[in-house]
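Common to both upcoming complexes is chain A, partnered first by chain B, then by chain C.
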Partner chain A sequence: MKKLIGILSLSLVLLFSLNVYAAKVAVIYDSGGKFDKSFNESAYNAAEKFKADTGHDYMDFEAANNAQIEQGLRKLVDRGANVIVAMGFAMADAVAAVAAESPDVNFTIVDVNWLQGDNLQQIVFKEHEGSFLVGMIAAMKSQTGTVGFVGGMDIPLIRKFHGGYEQGAKYVNPNINVLMNMTGTTPEAWNNPTKGAELTKAQIDKGADVVYQAAGGTGIGVLQAAADAGIFGIGVDANQNYMHPGSVLTSMLKRVDVAVYNAFKTTVDGNYETGVFTLGLAEDGVGWALDEHNESLISDEMKSKVEQAKKDIISGKIVVADASAQ
Partner chain B sequence: MVKAVDKTKVPWWVSNAVVPLVNLTLAFIVSGLFIFISGENPYQALKLILYGSFGYLEGIGYTLYYATNFIFTGLAFAIAFHCRLFNIGGEGQAYIGGLGVFLFAFYFSALPVSIVWLLAILASMLFGAAWAIIPGYLQAYRGSHVVITTIMFNFIASALMVFLLVDVIRDRRQMGPTTEALVKEQWLPMFKNIAAYFGYKVGYSPLNISFLLAVLASFGVWFLIWRTKWGYEMRAVGHNTQAAIYAGISPKKNIILAMVISGALAGMLGVNEILGVHHKILVNFPAGYGFTGIAVALMGRNHPIGIFLASLLFGMLYQGGSEVTFDMPNITRYMFVAVQGVIILFSGALENLFRPQIEYFFVNTMKQKAVT
Partner chain C sequence: MEISADIISLVSATLRISTPLVFAAMAGLFAERSGVIDFGLEGKMLAAAFVAASGAHIFGSEWYGLGLAIVCCVALSMLHGFASVTHKGDQVVSCVAINILMIGLTTALAAAWFGQQGLTPTLTDDRRFFEITLPFADAVSGVPLLGPIYSEIISGHYIFVYIAYIFVPCVYWVVFKTRFGLRLRAVGENPSAVDTAGISVELMRYKALAVNGVLVAFAGAYLSTAINANFFREMSAGRGYLALAALIFGKWHPKTALIACLLFGFADALQIRLQGVPIPGIGLIPVQFIQAIPYVLTVVLLAGFVGKAIAPGAIGQPYIKER
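Moving on, here comes the complex of A and B:
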């Protein structure tokens, strides 16, 4: 028995020292897959950047169905992961279950803030604040008084983007007409650029001359259709200004990549923090993109107005309602 | 060119075991080539698949869990197919069946658990059947092709469920399109818990007693199709509608009946997913099992035993495939969609590629034996 305890404690010490010297980090992508040109891919890019910066390798897994999420999480725990980043609200239940079983492993989950647990880092973004700013830009740029929004699947998260966009547009021009279409009701809606393009064309026919997309891979079609028709598109999540310079007016940045990178980096550095983190304009978790591809499209007046609104939102002078909270 | 042989002289095990096995082996060889091209060792991959799906208890649990879903949707497709109806609406029928399970379990939570389980199983069948009866009616009385209407009904089911999950039955404490969880007492016993009851410690796997329900359903389908008047009538309509009418069998009635039973079986997938595993409705929980069920049924030659074996094979591919993608970074999950495709190609579309040669070989060798 004593021998057993000895071996056990020795292995514990070994395990502990391993943790310190070779922290293992992992990320698990949802059914969109790691190359979805959007949400999951920004996590993948962050992981690759982490690898390049620090020389640490990482583990990853693409869950093909709901059952595989929990299975994948357990596997990563078994392989000694110290932190696991889970992408998206679809993983909430699986993370809650596995986190409760594995108190020594930390879990970062994006787009979720309602779980309980001491080893959870839950990160949500105030997409409505960033969308408000791009809504303002859209309304200021629009000549026709009609702007459009194309969403992926009609879920609360996407309504949050739309709600902020509409409020921003109306803030500039109370009479503006904001069109809205959701692409579909199956997960296919995140990866259907053809349908995204069709919806955009329909909105253009109704007079829209700026279209904002929050539709994952579908959004590529939205931006393409906007560029083809000579109107403006607005990108989402990552900076998509480069995709059609001169046509992509701006992009609403949601810094998922920063969240993933920080989860990895802080684990390696030993200052990982658990809790709920809400990242808005004040925390630079969301924002709007201005670079060499779109600077000619944004006048100084537009820029100053948007920056003023940003300050007002941070100070609380402008309150952007969260459409998903209803 | 091999001469056709007298079918009656071919032993039953040649067409039912040897031919499928040869096709399957070929499919695996071609799949191995894919794996080789993507820079991994096919032999290692095969070993990983086998170990991952049948090598340890949790792995077996996952394999059988997937198989449970495939048995339900495979049987659903098969029973409609015996009436020559191509029901590709299993996905939508399963989705709606799951809704039935949840609603009954959630709103009758005051009743004793065993009654809730019974009600929930009946609800899954009722809801699934209700989703299939409309395409069935349209086929029988209006001649609208069931392939078109069932696939349309998949989209309608999906739209309806997203609407319900977002605006009506969503758990408002969180943002995902899911419902509240059922109370713990209502969860179907897990394989893990049953093993623990008998003193064995097994890790988590989603396998639960709905697997037994699936086995029971397989037996029920066999009995229905080959041992009852209903089954006979359905098969008669499927084989030759004109002859069936001449024999006094109503095609209209049987088309609707076949679709109703088919929908009920697909709906039972909801029992496994909602009552057994997730305990709440997740958006898109049928996750393609309805469509894979078509391949399972075709591979299993629409016979419950064949469907059971094909379900095991697909369960093995799902579970083993996930293990392989874990250990072999060059192999993505899409590779296993391709592997499934190759298997369906060889055992479905190219089923008769080597059949004449194999049958000729066996009939001839046996003849020679008889002579000597």
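Moving on, here comes the complex of A and C:
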């Protein structure tokens, strides 16, 4: 028994000493879960890519609910993380608290730009700009003159997606009717695909033939209902075109993966920067997805119009209002 | 007479949304009428959703998925029975244990089997249930009034929807018109009298729990293999609790429990359709108020119209022969 403990402790010492000089990076996912095929999964994929590219391992933690976030952050700090990437606005308070206690650890937080601290890198996206482009595509594809939007939890961030989408749709067709539904007002609204499907059916009954979702796991139900009904769905955050080829018209890309990858990479390379970063079309932080799954759905004319609008937004000719700032 | 498209869509959505509630409420009715509290409907529904989706994916047929979901839910009911009937443990504690266990276990197993935490692979079209168009639905759609009711409201649902509403009169018949039903109710009201008559209280409760497991499995399978094409973690989203509320609301009677389920479904369907629609004379109502409709309706009806709900006499009490 003594021998066994000896071997165990020796191997533990070896294990830790091997890693002691390597930078430790970590990511913490929100209640949508690591495999939500969307926001969190983008981060997971970026972390995996980082691991494949650099050979550095990473640590992660899935917060099953908001109460676990602070605990999860502390655990990662205790395990010696040098940088922790926190996914989502729900983590803001916990990150603020833990960051203040651990000045040697850097924190990157996505979708938050209002915190104070020298060890914080806050990254926000201009989702309204990307949503504007997919709104244009929706309006150009719609036969009925009605398009829909299904949001997850009713928060200013999701209003931002809707605002951009509506502006884009109206830019193409000023008379278009844009329907809007929110799934709920609590975090459970991200996890209810059945409700998402029901909301989509209600919008289809009202004439919508393209539905855009910004609803995390609930959005899986939205895209499924759209595919079942033979109409078009639009994915969000990650490229979701592959989920129902021929039915998912496009996806509004929010390059969370770039943010996560860069946070890890710069930490390892030693050029990590703190501060607030706002990523829009100009920075390639948002965009729209075109791949083999949806290229037959997007005509050349649609493509050129959208690319033109993208240029105009970058140059400032088109100004997309941010609905969350109003 | 024309029926407006809005009403058709509202009624049809009410039937769809209420379906899992009806299954779970009927399941709860069997357990609770026999004197066993079933707070675990939520966990069992979640387990059924997971097993149905993964079973359908692995074995290539939605029916295998449903069958396995039934096996799984009956097993969980038996577990509940083992803890609370055989070993006379606290029934609520046993239910809460099932609920918490299922939230964790479904997510963990999805990770272990499919490499995706909390998500099963999307079912291909040959492995899931689809809406059924009833015979003559197209032919009669031109008939005034009845035509649209048949072709738009009654036809075109998943098979689960029909099964749910057929189950309700069956449950009524079993519980109130058969010897099994009489014994079931007696076990829940006055187990010692049943015991005196020479019938095993424990066996009756186990039988009730078996039926409970079968019924609740349908609710879970409906969520993951019909409406959706995969399991998503915590996808039952409180429907089990809502069904239990409907059961209490409906005073442990199939007919009134059905009405309560339909009412919850209707409130939700209405809430979805009122979002973002200006009300004449009032204007646009903030979404938070609209989303509160189902809860407000429940409180008002519960306080104002339903009256006292009297639970089965022996509910929550393990039966002990000799005191």
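The definition used in the following text is that the second predicted complex is superposed on the first by the 301 of 326 C-alpha atoms of A that agree within 3 Å, B and C clash if a C-alpha of one lies under 4 Å from a C-alpha of the other, contacts with A are read in each partner's own complex, and residues count from 1 in each chain.
The rule we apply is simple: a contact is a pair of C-beta atoms (placed from the backbone, for glycine too) under 8 Å apart; a residue touches a chain by one contact, two chains touch by 3 or more.
In this text the structure is predicted, and so the values were computed from the model without any measurement.
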Task = In the superposition on chain A, see if there is space for chain B and chain C together, and answer fit or clash.
result = clash
First, second, both or neither for A:F89, with chain B first and chain C second = first
Request  = State whether A:T194 touches chain B only (first), chain C only (second), both chains, or neither.
outcome  = second
Ask   = Touching A:R74, do we find chain B (first), chain C (second), both, or neither?
value = first
Ask   = Does chain B (first) or chain C (second) touch A:N181, or do both, or does neither?
value = second
Query = Looking at the overlay, does A:K305 come into contact with chain B only (first), chain C only (second), both, or neither?
reply = neither
Ask   = Where does A:A202 make contact in the superposed view: on chain B (first), on chain C (second), on both, or on neither?
value = second
Query = Is A:E62 in contact with chain B, with chain C, with both, or with neither (first, second, both, neither)?
reply = both
Inquiry  = Looking at A:D154, would you say it contacts chain B, chain C, both, or neither? Reply first, second, both or neither.
reply    = both
Query = Now that the structures are stacked on chain A, which of 26-34, 98-106 or 116-124 shows chain C clashing with chain B?
reply = 98-106
Ask   = Which chain A residues lie in the overlap of the chain B contact set and the chain C contact set?
value = 33, 62, 154, 184-185
Of all residues in chain B, those that touch chain A in their complex = 62, 65-66, 155, 158-159, 161-163, 166, 170, 173-178, 203-204, 206, 277-278, 280, 282-285, 287-288, 318, 322, 325-326, 332-333
Message = Considering only the defined contacts, which chain A positions touch chain B in the complex?
response = 31, 33, 61-62, 64-68, 70-72, 74-75, 89-90, 92-93, 111-112, 114, 153-157, 184-187, 324
Key: Of chain C, residues touching chain A in the complex   = 5-6, 9, 13, 16-17, 20, 107, 116-119, 122, 130, 223, 227-230, 232-235, 237-238, 268-269, 272-273, 275-276, 287-288, 291
Key: Footprint of chain C on chain A - complex, ascending   = 33-37, 62, 154, 179-182, 184-185, 188, 191-195, 197-199, 201-202, 205-206, 217, 220-221, 224-225, 228, 243
